[in-house]
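Below, subunit A partners subunit B and then partners subunit C, in two separate complexes.
Now for the complex of A and B:
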């Protein structure tokens, strides 16, 4: 009886201690994530410009959402960016990692790793300002040097099609180092003996990649795809600084639209509604990825 | 037998090796050139900024662009603001994330699984969903246009809790058992055993948080309005808005001042930064 009682007391104390340890996080979580999330849902049923009292308008924001041609454009642009950025980053990062994982000189490897990785930790704003000048059609050095090798001038930032490509390319230029580093770590985790055994069995380079490297790297690739998706859906800084969303609406993203709706035109309810659509899209795609992953991701 | 086949692997066809070398070197040039151009332009004059071919060698004695920059906007102050905000957030996250992660890794309490899952799934909530309500909240709290409005909401991090918890779980429990027998409580085990053993994970979180908030543009753009409160990225956006292509030297001077501190830290702490980032990629 006595022991039972003290065990119960101990468990109770353990319980209280646990809650105390998570208290700071939980307070922040409730006040700054869950609370605002619920508020955003409530706001989506109101018209509110911050200066006059909020006005209940039922489902009007949602109706507008599906009629608003801007919404279609910005979601389309964002999806193009997501697709381009994630594919090129994961694919390119993997290729560079495979190249670096070969027997190359240590100094060369150090130079490659450092230079490919460095842009990742600099600010998008700074990078976008530099590239904005580099890509200037008449005065930029990119067109100048391309001209030297006979490539005609490209309207990097001024044609709607090319501006999208430019945003994607610079996003990739900036972040590919991260994908490379994570892939490299994944590659180095693959046991050597597997390759040695495969070689004894006479497997060629392509076979080694298809039957050893790739399957054992799928968890890494899956992780990168998920991270890449969630980040790419929130692209804001790059087009905001590089092209200001232009030309026209060509590079305007969902987050830029939320920013403008909420903080330039002070249509708080509608901004919240658009942001909820973004959330639903991200959540749905992430969950689908997790579902689909069971078919192709191989956990050791 | 094995050495034979391995030898074969070492001898890649020469032409392929050269091709690989050329492609990788071309990549290095593409990665480095923008930074070199940024630097040389910032030390140039407005007249030479757009000369083609560009002047690659910076004239380090020409500090005009920097002088102009510091005269026109308080850029050093922006650097201090960014540093202060990023540091406080980083310290805060190290504290809140490590205590919560410890609880989720080591303490049995009611609802721990549910709460952890809830926290994890909140990583899918994009910042933009909470930004409008946060903006309203900050105005209500009279915190609009203060650095506290940027700091308070991100003193916690679901990602940080996850990262640290995964690391704490890899620390063998035997280490704590002796201490536990001696009557040590959770606070002692957390501060004397778990934290000292978690250097790599803690530094990974610190590096990622610091860099993220040092470079962040979206929230400062919305929450700050007074010139003297700006952070580096907001200052850069303002400079561009005001002068656009007009004064590329001054703009590049500002960009250089934003990039150089990161470059210096990176060159010294590269190993830790790369290890830290790798750590987040391996579950």
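Now for the complex of A and C:
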């Protein structure tokens, strides 16, 4: 009886300690995540220009949302970006990681790894400005050298089709290092014995990749797809500096549209409504990912 | 385990208490002596050295008014519009500026949100003191800061749109410099002569002109030249489907795709390309000197914007900045002193600039804008800056209350037209529909 009581006391005390430990995070979560989310939901029923008190307008913002042709365009653009950026980042990152994981000289590997990772730590604005110069249609250096080998001038940033591709490519060029590093870490975590055993059993290179490397890497790939998806949905700064969303609406993303609506046109209620739509989309996709993942992600 | 965590909890509490105490005492120390007034002054940080520039400009003010200190609040942005958006967000967030550096683009917006106080009673009170300024300032600039007959800001500096040309490139091509009465046909002919394929690959390596999908800096000057405006006179309706505007947009598209005298329009480093001899002409106000002077680039000059036809009367486009007294001001009297100080000749004269610190705007006072000191920088033809605003019909850039949104809609279609993905007619009509629907909400 006595023991039981003291154990209970101890458990309770530990409980409190545990709660205290997570308290700072919880406060942060409440203030910075849950608070703004509730605010956004409430705001979506108001017209608010930030200067005068909010004005309740019922479902008007939602009605506008479904009639607004720009919303369709910016969501379509964003989905194209998400698809392009995530596939190329994860696929490319994995390929580079596989290449670097071979038996190459340590110094060589170090240099390559750093080179691939470097754009990751550079400011987006700086990158976008430099690419803007390089990709200038008529006076840029890229087209100049392409011209030397007989390729006609490409309208990198100034045609609707090509500008989308350029944004995706630069976005991938910038972030692929991160995907590579994470894949590399995943690869290096695969125990050597498995390969040795497979080798003894007579498995070839492709078989080893298909039956050992890939299955054991699926949790890493899954993680990267989820992170990549969430990040790609929020693409903002690259097209903002590179193309300012143009030509026309060709490279305008959802987040850019939200920013413009809220902080340039001062229609906070509508901006909140669009952001809720984005939230629902990301949440739904993540949920589907988790469901589908049961079929292909292999945890050891 | 329990013991360790107990210690940890104590430590944790201690840290919190210490932080709390520091926080409170920090606040106490921050409390100012009551007689000292702090003015919150927001300005556009268009380049890093701007803050230092304002501190220099205001050094005498602080010296002359011992009780007043200035809190400098720099706000960044690539255009006036973007800067003003951020200022509005700051004010909405509870910031209480006394005065801000504001340009035409933001005046009606601030007024619509009841953020400005009329200056008339103050001006009336200090009429004598301000006589020199009021006699010397260009009337159009003062007029641009008036709403319903009341004045809301004292103009400080301004810009209009002129054509800059690279003399070296003109000389090399044997083309005479443009004359004040040149028309758009002359302009196109000159552009053609200056568009040159140096390496013979069939593509030009230098261009006559640079077209940018811009508002004040590119489309509006041509629209003004053609004798019309993007919006109605009272800014309450769109005029974007005006056949003359469609003609202007067609002309701009033709410069790139028909005459092929301008590179594909984007947001390139025009000034650098101009200095490098890859672009012979571009449109701007006085601000390029901020890039040219530090690079010691002087072989250029300016000319009036080309006339649409020989018979179209010239219409000058300008934007002016000023200092309003904001409704959020906690110290209106001290702020008025600040505004008055900014209108003093010795202060405005800083806008003439000095080597090492050129300032890219035109001073509002005639005596300064036409003084020979302006000639220490390019352009040599600086006199047309002031001439353009007094000699011809001069109108401020069309900036209705929802300026940013109008600009955004217009540029969206302009960029499509200039990318040759939309016809001028289609783009203008679509823009018209959208802009008009937007302005209808404010009618």
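In this text, the second predicted complex is superposed on the first by the 277 of 300 C-alpha atoms of A that agree within 3 Å, B and C clash if a C-alpha of one lies under 4 Å from a C-alpha of the other, contacts with A are read in each partner's own complex, and residues count from 1 in each chain.
Definition applied: contacts are C-beta pairs under 8 Å (C-beta built on N, C-alpha and C of every residue); 3 or more make two chains touch, one makes a residue touch a chain.
The structure presented is a predicted model; accordingly, all values stated were derived computationally and were not measured.
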Using the superposition on subunit A, decide if subunit B and subunit C clash or fit. clash
Mind working out whether A:233 is in touch with subunit B, subunit C, both or neither, as first, second, both or neither? first
Contacts for A:210 in the overlay, against subunit B (first) and subunit C (second): which applies, first, second, both or neither? neither
Go through the superposed model and pick first if A:59 touches only subunit B, second if only subunit C, both, or neither. neither
After superposition on the shared chain, which partner residues are touched by A:126: those of subunit B (first), subunit C (second), both, or neither? first
Touch test for A:181: subunit B only (first), subunit C only (second), both, or neither? first
Counting only touches as set out at the top, which of subunit B and subunit C does A:14 meet: first, second, both, neither? both
I'd like to know which partner A:136 touches here: subunit B for first, subunit C for second, both or neither. both
First, second, both or neither for A:157, with subunit B first and subunit C second: second
Residue contacts with subunit A in the superposition, subunit B compared against subunit C: B
Looking at A:263, would you say it contacts subunit B, subunit C, both, or neither? Reply first, second, both or neither. both
Select, from 55-63, 73-81 or 127-135, the region of subunit C that bumps into subunit B once both structures are placed on the shared chain. 73-81
Overlap of the subunit B and subunit C footprints on subunit A, listed as residue numbers: 14, 17, 50, 132-133, 136, 139, 263
State the interface residues of subunit B toward subunit A in the complex, per the touch definition above. 1-2, 5-6, 9-10, 12, 20-21, 23-24, 27-28, 30-35, 37-38, 41, 50, 52-54, 95-97, 99-100, 102-104, 107-110, 112, 115, 119, 122-137, 139, 152-156, 158, 161, 185-186, 190, 211, 214-215, 217-218, 221-222, 232-233, 236-237, 240, 245, 248, 251-252, 255, 258-259, 262-263, 266, 270, 273-274, 277-278, 281-283
What part of subunit A is in contact with subunit C in the complex they form? 10, 13-14, 17, 20, 49-52, 132-133, 136-139, 147, 153, 155, 157-160, 244-249, 260, 263-266
State the interface residues of subunit A toward subunit B in the complex, per the touch definition above. 11, 14-19, 21-22, 24-26, 28-29, 32-37, 39-40, 43, 50, 96, 99, 102-103, 108, 111-119, 121-127, 129-134, 136, 139, 141, 144, 173, 178, 181-182, 184-186, 189, 196, 199-200, 219-220, 223-224, 230, 233-234, 236-237, 240-241, 254-255, 258-259, 262-263, 268, 271-272, 275-276, 278-279, 282-283, 286
Taking the touch rule as given, give the residues of subunit C at its contact with subunit A in the complex, in rising order. 1-2, 5-6, 8-9, 12, 81-82, 85-86, 88-89, 91-93, 113, 115, 201, 203-204, 207, 213, 263-269, 273, 278, 402, 404-405, 408, 411-413, 415-416, 418-419, 421-422
